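Following: one structure in structure tokens, then a few remarks.
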């Protein structure tokens, strides 16, 4: 079973990478980008076939490790 | 207009980060994770309201900066 | 005094920390592998050294923050034992919940190795007793993710409780947020726990202890610890 | 399942970089048509990188011996005795092409490779250096390359935990499509505990250690093989990704099993991975090797024998383990979280046998794979000599201060702080001389001994006169090491050239090698390791000939170490050596007059030695307060660097009987600037007389400006600002 976990910064948290990218895009002459925020994506392959169990596993993975909930939020998506 | 850009490593490319996370999940006792690959996600806000134009802008941003097309592939998604 | 230096896969300044401790406190620390579940009996000081634990993949310090040994470190800290986290060690302390906040990529996104000036904001901690209050010291930094961030309330609390121990300053000794190396909130270089027994800092005092290789402003930090433990 | 393998066609042979006559050689050697896997093995063993087929003949002329040389060229790295039972282990290697394709990963894996070379020998890396050459700053790709290469070098070394203490960075349009990334590593080992690739003992396990094997870096024939393999859903990148974390674990694990006496032979898997490492271990030990690829830890599914044999996945090692030590070795590797697999054994039949899924994929004579590699005596022509430049014939409008300011702010001379501050140069707490000096100085253990190291070359000289340029590169490195007070002991070279099939290029290689050899011999500075990188060409135009030299020397007492910063006002400034005003191929000529012409400065090796020994003796006797060698940019640039490093200025004397521009900016060799406290002046003059060394007083330190009679004063702070400005502004202009 395949899943995707998206970890993004909470909106109140400063994102230096996003800021730098905005600046770089501007100086590269890419027009019309108002803002960029960078996050992480994890493509996870799971042994479980049961979606409920898979979801529980991923939740545990996020809470324990993948996201730092002080600054980040996460979202779990199932792909195919 | 909001868009999401997903940048992931091409499948044959070594992903040291994913590997380290797999190991960490294992030792944290999170069961049933067969493999993890880590990528980046960019949440982009665009001035353009025209989807075709927005797509063109994002493509340019990816090719020029967001993705390292030698080892990465990217995907553009429009969110709401 | 008995100190323990933790070693995680990917730690790389554990030797520097051990050398500084040995040189200044006169006793050699125990090197403790991350997979251990207990600290050596009678440990007074735990040092989390610099490096790239687990490659700093995922987030710096994240994986190490969840290592087996960290439960023992938490207990040690809860008992009032001293804990010093330097650079990656600071990152690990934040990730493990022993200190608030988090360290993210430097504002300019580049790794930076440079001598930095820091103001010693208080000298009533076990780590800073041998510095004058307000003294400006020179410690090197060597990090790519030293940009300290926390939410507004946490920052307010830290400042209100006077828990910022080291702050990056300009040569004049003034806090100067435009001069910071890494973009850290409030120019924070190091913070201490509520009970003052856990210190995390990004710069490397252990690399400025030996006149052969540079200034020696870091010595007093280790002397402070030794002194504090002697008195205790 | 019998895997399908492509037929051997002339096209396939060509795609493997083998010439028709080379293929004939293979047929004759094995008496039949090779299998696809065997063809891959031959292509790996017989390419330029592994076989040195174009350069081998000429490399033979290099002096490689001295009483202190423990291991010369031919192993993973050179080894020299530095006294007190300690050995320095070092080498330099290029990662030019990969760095052009993907600068960050290319440079990172270059650093990873050279570190592995050093710790394969049983040494713990204590320092890294890097020599970088980029194209014209105005070239559209240059900024991207600088940014990527520097972050790659830094990220790998920083994470691995080795201080990056020195290097060089140059720009020239001739590197536009061919940046050079030469990485050097220096390690420390007990002199009696060096490990080698040579296998001994029949029937011993051959063990695979480290990271898993993927399809990384399978070159040339990949396009062909991709059509046959599985999972070709996207165009396969041949880029290797470095994992410094894995390498750090590999280092610790390797040193631990070496210490535990488990290792008979060890070889890292670098270029052409498993193939080169296995063949070398067997061939050096006069043993056969049989590999069973079913046991190779793979990262990807369905890898063929061909792919496993040619994979260049990083952070891997091959070892022959001592009898009965397998379990202990395995436990150590598992503790570090690394793969450990027995993938074969040594045999007594001198065959290299590769098995996969019950099939024999290769069965080749192991010695001949290396020994019978083609060796070419390629035709070469000598580079035509150029005229000596007469300063009087030059039209110079720039004032001397104006020219200095322009030079010091130009890409080649501007401060490289923006770069080296991205490298951790302090870790291990032994860096006594940081980037910015003539040579880096790294304390050995707890001292007082230290190693001095430097890398250098002046490609402009090499192009104008390969022989003199080769000599000069060695002399300059020797001088840099001398200028901190150390005794130069040995060097490593990294020969970066264009296409050797062109007689002019081959002439550059031959000329430079002769020059390097002559200087190494005259200066007792033998070559103990090196690397050759050829075919650095774009659109038929070669790079400037760039034989980067990396040197190591020993400083017995770190307390005597000299630095280049002026120390105080009121001290006498002397120049050691003769100043004739040699402007041919000088930086002044190139940068200020936009002319890269003339004969480069000749190098008098006897004089180099005499002047260098003199300076070293002064340092040793603590008679000098600051020392800097005079290299490109000439006397005034050297003085400016000493002033900028300290904030102290100087009142300089006007030259007599010599064109002032040529005097201040000429690049005569074998020179040093030294400062002497006034009390020691007489003593120093006497020493010079005894040694027969030319010593000229050129001024005294004072104030915060450089004052040249008849010229406007040069304000040091302003000069420093210019010096520091160029690179950050350049790098900041386009990107983050």
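Order as written gives the chain letters A, B, C and D; numbering starts at 1 within each chain.
FYI, contacts are C-beta pairs under 8 Å (C-beta built on N, C-alpha and C of every residue); 3 or more make two chains touch, one makes a residue touch a chain.
What you see is a predicted model, and the numbers here were worked out from it, not measured in a lab.
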- If we look at chain B and chain C, which chains touch each of them? A, D
- Counting C-beta pairs in contact, does C-D beat B-D or the other way around? C-D
- Item | Centre distance in Å when chain A and chain B are each reduced to the mean of their C-alpha atoms | 9
- Task: Please report how many Å separate the Cα centroid of chain A from that of chain D, as a whole number.
- Result: 40
- Note on the structure: In whole angstrom, the CA-centroid distance of chain B from chain D equals 36
- At least two other chains touched by the same residue of chain B: list those residues. 16, 20-21, 23-24, 28, 38
- Query: Multi-chain contacts in chain C: which residues touch at least two other chains?
  - Reply: 54-55, 57-58, 63, 66, 108-109
- Message: At least two partner chains per residue is the criterion; list those residues in chain D.
- Response: 243, 245-246, 337, 736
- Residue numbers on chain A that touch chain B, as the complex places them: 6, 8, 18, 21, 24-25, 28, 30-48, 53-54, 57, 60-61, 64-66
- Query: Okay, in this complex, where on chain C does chain D touch?
  - Reply: 9-10, 12-13, 15-16, 19-20, 50-52, 54-57, 108-114, 140, 142, 144, 204, 206-207, 209-210, 212-214
- Message: Which stretch or stretches of chain C touch chain A in the complex?
- Response: 58-59, 62-63, 66, 95, 100-102, 104-109, 147, 149-152, 183
- Under the touch definition given earlier, write down the residues of chain B that touch chain D in their complex. 10-16, 19-20, 23, 68, 70-71, 73
- Which residues of chain D touch chain C in the complex? 151, 154-155, 158-161, 243-246, 248-249, 336-337, 420-432, 443, 447, 558-559, 736
